[in-house]
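Scrolling down, you'll hit the structures one after another.
Next come two complexes, and both contain chain A; in the first it sits with chain B, in the second with chain C.
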Partner chain A sequence: MVKQGARVRYTTIQNWSGDVYNLVTKRARVEKDGIMEWLDGNLGSKATMKYPSCYLVGERAYGEVLSIAYADGARHQDAGAKMIHIAPNTTSKIISKSVSIRGGRTSYRGLVHILPSATNARAKVECDALILDSKSASDTFPVMRINESSAQVEHEATVSKLGEEKLFYLTSRGITKEEAAGLIINGFIEPIVKELPLEYAVELNRLIELSMEGSVG
Partner chain B sequence: MKKELITFGATDVVTVSPVENTLFIIDYQAWHAKKQLEVLLAQEGVSCQIICAYKLLPNQILDLVTRVTHIAPNTSCDTKVRGVLYDKAKSTYIGEIVIDSRAQGSSSYLENAALVIGSATHNHTEPILKIEADDVSASHSSFTGRIDAGLLYYLQSRGMAITQAEKLLAKAFLASVGV
Partner chain C sequence: MLKKASIILAPMLEITNLSVKSEDKLILSSVNLKVESGTVHALMGPNGSGKSTLAQTLAGSPAFTVTAGSIVFKGEDLLIKSPEQRANLGIFLSFQHPLEIPGLNVASFLRMIYNRRVGQNTLPVKFKPILEEKMTLAHMAPEFAQRYLNDGFSGGEKKRMEILQMLVLEPDLVILDEVDSGLDVDALKDIAKAVMYLKEKKPQTAILLITHYARILNLIKPDLVHIMQKGAITTSGDSSLVHTIETSGFNNGK
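Take a look at the complex of A and B:
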């Protein structure tokens, strides 16, 4: 519960064992002028289904979800976010970055729901996915229900692989292909990692580098 | 590029599988049932474009699904759906892009934009991506919003009435799709 004028940031970086089903419900109710920020890092676990949500019930409430999903091997990271705009002048932002490798599957599942009472609501969603080999996959299932004519909602998503030019540039500078791939991935998730406390960011980067060993070439 | 007009007529689902580069133009009329266009890219190297431009007058409804499935390598598709919504109009659009593991080297883009001019409108959009291949490029974007107030003000400052200015900007918005 985020009361009037308050700010809450809830950060989790989870690296569960490969036999764990990680099914989570995270909801926040945000009152007038409140700010709610969910920072969500999902690694490991056989299956994750997690969609942090914000119910923006007060005027000028703000909700944000920054989510990283890393699916390595037989894992399915089904993450996303839900923003429900109920009051006027509410705003929200969702940024989701996902990486799938060695047969992993990442899915983004999101909802932006603007109710008729949410005049002048603004929402922005960006989801980007990297697929690192031919065995891996990625899905995006965003839903936008806009029932207020003064609202503005923007959504964009991309799915791609590691750029050959970027890999070539780094390897031409003497960096191994694996290290180059790790560097590019760390750059890819940097907009979210920079928001993490230092110890979490270092841990996350190191986990990804360890996971990348032996994965390229 | 070959041009093909898609009119649903008596059927709610139209399936096409182009063998050459094709532009599909969806001919919108005031629909009251869901209409679905399925495009299957099964021929290597084929590209297609799908365009739909619609204007929903007060109380009109659009319910459209487009599904583009890539199963051959080096195929590409560009989908653009743009609409203008007046009072109490209801628009539902589901745009699905599926790239199979056999379709390496393919690219697929979807752009959906809805310009809201009236009030009490409903717009439901689901742009979906299902990607099973790695050497591909796929993206989508969706936008819903009102006309930029600055543009309206500019036209009004040139002596245009607000309804006339809205009509002109709506026309330009739809025309930019290329139909």
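Take a look at the complex of A and C:
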């Protein structure tokens, strides 16, 4: 519950072992001029289903979800966000970055719902997927339910592969293919990582470097 | 009587009968080239003649397959080495089209490759003054150190970033693949100056300069000029060859 004019940032980085089902509900109710920020990083577990949500009930309330999903091998990261705009002039932003490797699967599942009561609401969704090899996959399921004509909604999505050319460029400077791939992946998630507290950011970069060892042929 | 000791030095780089293909298309056929340490070679030729393919092959690009011939660098067979092994042996390729790596901090990347080259871990505080000196030489503003590698850089800025990487690595063989294309006169002078600085600091450095234009060759004077046509080196000569090409084109350069 984010009261009038308050700001809450909730940061989670999870790296569960491979036999854990990680099914989580996260909801925030945001009142007038309140700010709710969910920062969410999901690495391990057998399957994760997690969609932090913000109910923007007060005028000018703001909700944000920054999420990173990293699916390595037999993992399925099904992550996303829900933004429910109820009051006028509410704004929201969802930025989702996912990486799938060695047969991993990532899904972005998101909902932006703008109710008739939410006049002049603005919502922005950006989801970027990086797929590292031909065994891995990524899906996007964005749902936009817009019931108010004054709403401004943006949705951007990109899918990229780990380019052979980029790897060659970096390795030609004297670093290994694994190191180069790690730099490209860490660069991909950097816009979110830079928002993290330093210890978390270092931990996340290390985990990805570790997972890269011996992974690129 | 004093007899001069005869020392037979193998060239730094020796390319013999090299044939290269890309996706079943033969691009280079029987290329021969010797580069002695400390020399400057210019490689000229029309578009599509195979100059960039040769540069990329030397650096170990996976886009090309060597079908015949050999490349020996400092006595080692280059063809069995990975791109990073070649870089660590002292080969540097300045890319014609440098790639953008979003999110990769320039300063930390340069420190990483510097550490690999010198074989020890240089702490960020120790690396900072080294980097600042090299950035001054490459005429780059200090804020570039905190940007992402080539991300959103202009064409000229990307070329300066290549030159900065060259200054950080101080390689033994510098391959400049059309470093002069799309540059204004001032930027060209800055880049030439940085290359000449490296040559003065490390006189044994060899340079292979790939270009279409004589302009850069007035600033970095070649000892030898080679003309490549249809995947083979057809003519080699001294710098006077540049003027022949300037006046009568590649076809009459023989």
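Note that in this section the second predicted complex is superposed on the first by the 217 of 217 C-alpha atoms of A that agree within 3 Å, B and C clash if a C-alpha of one lies under 4 Å from a C-alpha of the other, contacts with A are read in each partner's own complex, and residues count from 1 in each chain.
Simple rule for what comes next: a contact is a pair of C-beta atoms (placed from the backbone, for glycine too) under 8 Å apart; a residue touches a chain by one contact, two chains touch by 3 or more.
Nothing here was measured: the structure is a model prediction, and the numbers come from that model.
Asker: If you stack the two complexes on chain A, which partner ends up touching A:Val8: first (chain B), second (chain C), both, or neither?
Answerer: neither
Asker: Is A:Glu165 contacted by the first partner chain B, the second partner chain C, both or neither?
Answerer: second
Asker: Is it chain B or chain C that touches the larger share of residues in chain A?
Answerer: Of chain B and chain C, more residues of chain A lie in contact with B.
Asker: Taking the superposition on A as described, I'd like to know which of chain B and chain C A:Met144 touches: first, second, both or neither.
Answerer: Only chain B; A:Met144 stays clear of chain C.
Asker: In the overlaid three-chain picture, which partner chain does A:Leu207 touch, first (chain B) or second (chain C), both, or neither?
Answerer: Neither chain B nor chain C is touched by A:Leu207.
Asker: Could you tell me if A:Gly174 is touching chain B, chain C, both of them or neither one (first, second, both, neither)?
Answerer: A:Gly174: touches chain C, not chain B.
Asker: First (chain B), second (chain C), both or neither: which does A:Pro191 touch?
Answerer: In the superposition, A:Pro191 touches chain C alone.
Asker: Have a look at where A:Leu132 lands relative to chain B and chain C in the superposition and call it first, second, both or neither.
Answerer: first
Asker: Can you list the chain B residues touching chain A in their complex?
Answerer: Listed in rising order, the residues of chain B that touch chain A are 85, 101, 104, 116, 118-146.
Asker: In the complex formed with chain C, which residues of chain A make contact?
Answerer: On the chain A side, the touching residues are 163-166, 168-177, 179, 183-184, 186-191.
Asker: Show which residues of chain C lie in contact with chain A when the two form their complex.
Answerer: By the definition above, chain C touches chain A via 59-63, 82-84, 86-88, 92-93, 95, 98-99, 101-104, 109, 112-113, 116-117, 148-149, 165, 169.
Asker: Which residues of chain A touch chain B in their complex?
Answerer: Against chain B, the touching part of chain A is residues 116, 129, 131-134, 136-147, 149-161.
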